[in-house]
Amino acid sequence: MKIRFSLIYPFFLALVLMLLSACSPQSSQPGSATPTPESTTPATASKEAKEIVLATTTSTQDSGLLDSLLPVFEQKTGIKVKVVAVGTGQAIKLGEDGNTDVLLVHARKSEDEFMEKGFGINAYDVMYNQFYIVGPSDDPAGLKQAKTAKEAMEKIAANKSSFVSRGDDSGTDKKEKSIWKEAGITPEGSWYLSSGQGMGETLQMADEKKAYTLTDEATFLSRKLGLQIVMQGDKSLLNPYGIIQVKSSSKQEEGMQLIQFFTGEEGQKLIGEFGQATYGKGLFVPDAKKR
Amino acid sequence: MNRLELQNIAVTYDERTILDVDHISFERGKMYGIVGPSGAGKSTLLRVINLLEKPRQGSMGFFGTQVELSSLTHASGLSIQRQMGYVAQKPSMFHASVFDNVALGLRYRKLDRSQIQALVHEALQYVELSHLANQRANTLSGGEAQRIALARALVYEPALLLLDEPTASLDPSNIKIFERVIQMINLKKKTTILMITHNLPQARRLADVCLFLFHGRIVEYSETDTFFSRPACHELQDFVSGRMIC
Amino acid sequence: MMFTPDVWEVIWLSLQVTTTSVLIGILIGIPAGAFLGLYSFSGKRLIVILIYTCMGLPPVLVGVVVYLLLSRYGPLGSLDLLFSAEAMIIAQVILVTPIITGLTMAAVQAKENAYWETAKSLGASPFQLMVTIIKEARGGIWSGIAAAYGRAISEVGAVMLVGGNIEHHTRVMTTAIILETRTGNFSGGLQMGFVLLSISFLFNSFMMVGMLNQMKARKR
């Protein structure tokens, strides 16, 4: 659901801005920031402020990936990373408002827009993971016979099988919407439930309602539910993560160090190994490259 | 059949005896004055009769109905309770009109509207406060409130009216009206009245029979004339003469 | 301010769920509170402590318990109530009933001494006695209802868990605010919050007017 108001109250906007600026006094609006070249200019004040904010999607935190990477980084550099785990939409918004220093997100289209609008610099591919379409074990819509994700979604809609959407504008939600679009279907009706919640809650709901849903691998594997994978491996179900530095950030040097860690040899190795002990396979495939 | 009787009443608080009455009976239609020093158990006696307080033991014969007081519940005592009216020293008025306050007992008894209307107006006439029917009861003066409390207790024509120092804080004109009303209903409706009072002339004026309570026991019980002119026990002599300080 | 039908739907569902919950809470809480305020019995002390504890129940805890009860794998799973408006009502009833019960009990106890004996001596049956005392204590009971309503309509933890925030089904104002915030639409969330505040304000104003009238009447 989108809430639209024909008039925007200046008062509320002012209040929002006040609240936001109160949250991080060092940040400045992107428009007012002096253009920085595509390089890291060491800021003089940054020596003592050894703390940066990383806005990321819930999936990276919930899966435990950050817990295994960040302590290594913090030990190495002495820079403390504060993680704000939210939906991709909100994460990007945090970047636009200058309330974070680095973004780690997975919604390529929004990321590209973010870059085009000039909010970010130094965008890198970091890794990717997979999405699955999961559903009840009896697979009422027969998704296992489908060849592509698009075909799977067509089957769900034709069968009017329950489908739980995150509906929260997150990366996963955007991925789901793009597949519906590709299939030329506008999902609506009582079979299509928009939860507006995180992946974990949405999976739980799909389990309770015996419904299908689109999920990332990490969250799915970390839950023990009565759902099973009915579609995987299709190209449109790959989920690339990008890491972007926020242009208006006052901590360019530390931000760049974090990006270098994630895309560098050590970080990439850690990403590849992550999850092998618990799930028997890596949850993320490292593929760092500069865009 | 025509009397109120109490047998073997014992009320104790923490081993202390508050009331200890072997046997006493009250005739229908008579007015009784109850006197005695403070803490003698007068109020407790009325509260036990009115089923507001449960004695450790004891039974009551209520004009033909025999009940065991210690095992009586609110519901099982209700039919007896509804034949009694009670006015305390300080009236508590409900936050409603005077009319609604007086009508309350009738509504509890599920009378119909027209009956309630007639009876409430009659009762308000008795206490000479008909003009206050629509006023809110919590705005009344002390004297008016006490007269409304009396109207509220006699409107359903109880067989027994229990009055606990009802005029103690009233001025003489209110006392006069109050006394006139209880004498009138005592005669007209044959209502038995038990009245506690510290005002000995009042007891002498109104009561047919007086009883004297002392340390929870009834030590004197006689016709009013005898009670005041030839008190038998020395406690009452001291009390009547004012030598007893309490 | 122009509202889309979606927004109206969310507001309307909020009002329906909250009002239903508070009405059920009133039906249970007022008689229960009056009974506890009027009568003493063995074990009452424990019940009173439990009620006062439950007045501050964490909504999320209630949500989890109701969730587990209604889950497909839970004891009441066959009712298929999870993620429905009914589930939200169940959770909110659990939250508001102790508040109404506790505050009714306190209000009745404050009136009990003065009026209990008068009503009883006038021949009230146990039920009539309770009704009379409830009427006398109405001011305190109203504020209990207002407190309960305020808690229910602004509550988010439990309704999010058991309702699921499903669009067109169980999305209410508070869960919509969370969603708007999560998706970065702060101004949408804030405006919805403003609507919530306005409803709370209107509701409490009506309550206050009623209570003030009563106070005036008492002074006159």
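Lettered A, B and C in written order, each chain numbered from 1.
Everything that follows uses one rule, which is that a residue touches a chain if its C-beta (ideal position, glycine included) is under 8 Å from a C-beta of that chain, and two chains touch if they have at least 3 such contacts.
All values derive from a computational prediction rather than experimental measurement.
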Starting at subunit A, fewest touch steps before arriving at subunit B: 2
Central chain (by mean CA position): C
Far-end chain from subunit B, centres as C-alpha averages: A
Interface with more contacting C-beta pairs, comparing B-C to A-C: A-C
Whole-Å gap between the CA centroids of subunit A and subunit B: 82
Where subunit B and subunit C are represented by their mean Cα positions, the distance between them in whole Å: 44
Subunit A-subunit C separation of Cα centroids, rounded to whole Å: 38
Footprint of subunit C on subunit B - complex, ascending: 50-52, 74-75, 78, 81-82, 84-86, 88, 91-92, 94-96, 104-105, 108-109, 136, 138-139, 152-153, 156
Subunit A-touching residues of subunit C, taken from the complex the two chains share: 1-4, 6-7, 10, 71-72, 82-83, 160, 164-169, 171, 175-176, 178-188, 190-192, 194
Residues of subunit A that touch subunit C when the two form their complex: 1-9, 12-13, 15-16, 19-20, 86-87, 89-94, 167-170, 193-197, 201, 205, 207-210
Touch list for subunit C against partner subunit B, complex: 114-115, 117-126, 128-129, 132, 135-136, 214, 217-218, 220
